[in-house]
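Here is the structure we will look at, set down as structure tokens.
Naming follows writing order (A, B and C), and every chain is counted from residue 1.
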Amino acid sequence: MRHFTSLYDVPDLGRLLRTAADVKRNPLARPDLGRGKVLGLIFFHSSLRTRLSTQRAAMNLGLEVIVMNVGSDAWKLEFADGTVMDGDTAEHVRDAVAVMGQYCDILGVRTFAGLQDKEADYAEPVLQAFIDHAGVPILSLESATRHPLQSLADWVTIETYKQVERPKVVLTWAPHPRALPQAVANSFVEWMRQAEVDLVITHPEGYELSPRFVHDTPVEYDPVKAYEGADFIYAKNWSAYYDYGQILSQDRRWLVDAEKMARTSEAHFMHCLPVRRNVVVADAVIDSPQSLVIPQAGHRVVSAQAVLQEMLVHLGG
Amino acid sequence: MRHFTSLYDVPDLGRLLRTAADVKRNPLARPDLGRGKVLGLIFFHSSLRTRLSTQRAAMNLGLEVIVMNVGSDAWKLEFADGTVMDGDTAEHVRDAVAVMGQYCDILGVRTFAGLQDKEADYAEPVLQAFIDHAGVPILSLESATRHPLQSLADWVTIETYKQVERPKVVLTWAPHPRALPQAVANSFVEWMRQAEVDLVITHPEGYELSPRFVHDTPVEYDPVKAYEGADFIYAKNWSAYYDYGQILSQDRRWLVDAEKMARTSEAHFMHCLPVRRNVVVADAVIDSPQSLVIPQAGHRVVSAQAVLQEMLVHLGG
Amino acid sequence: MRHFTSLYDVPDLGRLLRTAADVKRNPLARPDLGRGKVLGLIFFHSSLRTRLSTQRAAMNLGLEVIVMNVGSDAWKLEFADGTVMDGDTAEHVRDAVAVMGQYCDILGVRTFAGLQDKEADYAEPVLQAFIDHAGVPILSLESATRHPLQSLADWVTIETYKQVERPKVVLTWAPHPRALPQAVANSFVEWMRQAEVDLVITHPEGYELSPRFVHDTPVEYDPVKAYEGADFIYAKNWSAYYDYGQILSQDRRWLVDAEKMARTSEAHFMHCLPVRRNVVVADAVIDSPQSLVIPQAGHRVVSAQAVLQEMLVHLGG
């Protein structure tokens, strides 16, 4: 695997999942695979889980890590081509990225949707600049429209905790005071459509995700119906895709609470965190034994390490 | 030793001091003790000595370090339980901490007294959240009310430089333009009461420390009398404990100057740094040969490494 | 080599250049030279290339790195001696630096010209404080008036790409919307004067560099004439030295464009980056095959590693 920015970069999903299972069993099995190599982690946006879990994964592989917060550690980058740069941007992204590629063997990059301009966000200009100009493999640490390391961790979590061969997995929208990207939801759907699960998406009208992710996945506008018989409830807020970046509803009926959970088949609760308690999910649910949020977050090390292993093997000695 | 947040976490103080002596003699004796393990250093408050010395200590033990500045690297945490989190806090501390515990084998945390609410500060909510929710050993890098790594370094410093069997050690309050916590002073008293020293505390009236730290330690309100025959002058500002967080005095009589030092038994000068020169201590004292502030700061590596060694041994392979 | 703050710290330039050539050939030849040692990188000013390339160089040598952003990670430092520190500075630089020297075996420091007071900038107070008080070797990561790691990387770049025995190298001033220091230009001249090159400096009148750097280097006020027959065009903005820190011209005739490049002997284009595109250099030039900006940036690892190697050898086991 050269880059890892979406499911489509994975040449053999079965092999990646087997690698993940190996990593989960024995995270310290390959302490020298990354020896002498450097992973640069470039953050355009703040992060806790991704920052820590990716560093941990790299350390388990003997890979050195350099972390860089664009903005606080450096300066403002220019993204438009052909600009006369006499304003407040001090360096063009194509130069900055090419330089980073000189210093690191793999570059991880976290960007975020601006939520102002759908075409711009979905064109993934920052991620694409890294792919185009770095000259080294690129690892997405979440981009404007996808979060594949999260999805792989989610997959490992469902695989670990499922009680039936083909569980019913419900992705439910939940309220949130701020406009959030669609990235986690998009990726979750993208990956789960490849899994042996019955996936249902539920959200208020107007919160439809992009058809290029949803395809023919069933969408249910009544959360109570959607929860019926579910084995996993995966909650996530996102802002509107069609009415791009807008908050259309704060409807508390979409809070994940004990009442709706009672309609499931003793479903496990999942969320990628950070989560607004009692807005997205009630304390009683997230603090219940059925909540998987902490092991799910723990699996972020597994997913990052499995991906880094495959990238390092591809890079070779 | 599982956690290290105060003297009361130390099961065998004599052993810890012997470990510190070993570390001081040969800091690179155990370069593989931490191999394959990760220490997370979580800063809610800025730091220079603690940040650098703890990293150095970890490196000497082969322990990988991940540093995280909460605030600049991540987002605002919620501390209250049961809150509907629709305000400006994006994650509950119990979730954030549990997640960090998934990625690190030991978590170090630096917090700071708010100095608004004595009960809240002395309840140590942040430190307690880490102990309660991380699931891994917690190392205090200074909390609202204690700074035990500093106290151990102070102990090593006094042990190294004492000329008499039972030195007279004076903890003196000193002026400062800002309200500072009682943490360093509290811990210093807590630890020194276990040492073979004659401890005296001196400060203006109104600056009494909490009785749960002072117990029957002699308090002298006249600095000139307190300095008489002292072997060590340990200066530190703190804000009032009873009139909580207030600055009651800027009395320059409490500046540590050459005149008062002349009344001591050629006392060594100590301060944990950072120090306001010519406010807390005169240049002539801090720059004199009797000043120990630099080796004292150097001993922060010794204390962090001794503590980490004991925590790693307790953690096992 | 003990310190590395300018050309004058290099005891044997030929040997340093041979070390650089060795490092370029095989960067991982000495993975244990720095084992057990710690390099502290202290940034008073933001950085991308220096931050990443120096970390990479250190990692190649098995040297551990601690990065510290003064300001965001710590607090404001006092530089004046004898001050009563009751204002907004929380620690004196001499104390902070002495403490850092307790924790690190080598200290790298990046400072920046204030451009308000020429005498102050050229006295290099921050760099000098590190040399005076750290007690360990000091590596300049760019100071107010020099950037020797950049100059060594530039030298390696010219050595690598030159087509004639004694190339003509032109340092050209270029416009910029902000006032920038003279450091890169000063150092480039300082080093190039030792190289087997014909160095010419070209800039508008009023932009003369300090005579202590220029000496008898030819200065040409007509860029078109200066470019004639050049093998390397090295562009850099700087603010005025005599009318200190002022922007005297934004004359677009000094933009490095294809028209002027056509007058050269198929010259390579160089710039230390970050660069304002179409202000300092036209896209057509920086994106041409003759542009060396990316390999030049890559050579920053070579120069940092060569210097660190010589410093480590001098430090001994």
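Here is the rule we go by: a residue touches a chain if its C-beta (ideal position, glycine included) is under 8 Å from a C-beta of that chain, and two chains touch if they have at least 3 such contacts.
The structure presented is a predicted model; accordingly, all values stated were derived computationally and were not measured.
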Going by the touch rule set out above, what shape does the chain contact graph take here: line, ring, star, complete or other? complete
Same or different, please, for the chain A to chain C contact, judged on whether over half of the interface numbers appear on both copies. different
Approximately how many whole Å separate the CA-defined centres of chain A and chain C? 39
When you check chain C against every other chain, which residues touch at least two of them? 72
Partner chain A, residues of chain C touching it in the complex: 28, 31, 43, 46-49, 51-53, 55-56, 59-60, 69, 72, 177, 273-279, 283, 286, 293-295, 297-298, 300-301
Which positions of chain B touch chain A when the two form their complex? 36, 38, 40, 64, 66, 68, 72-75, 78, 81-87, 90-92, 95-96, 98-100, 102-104
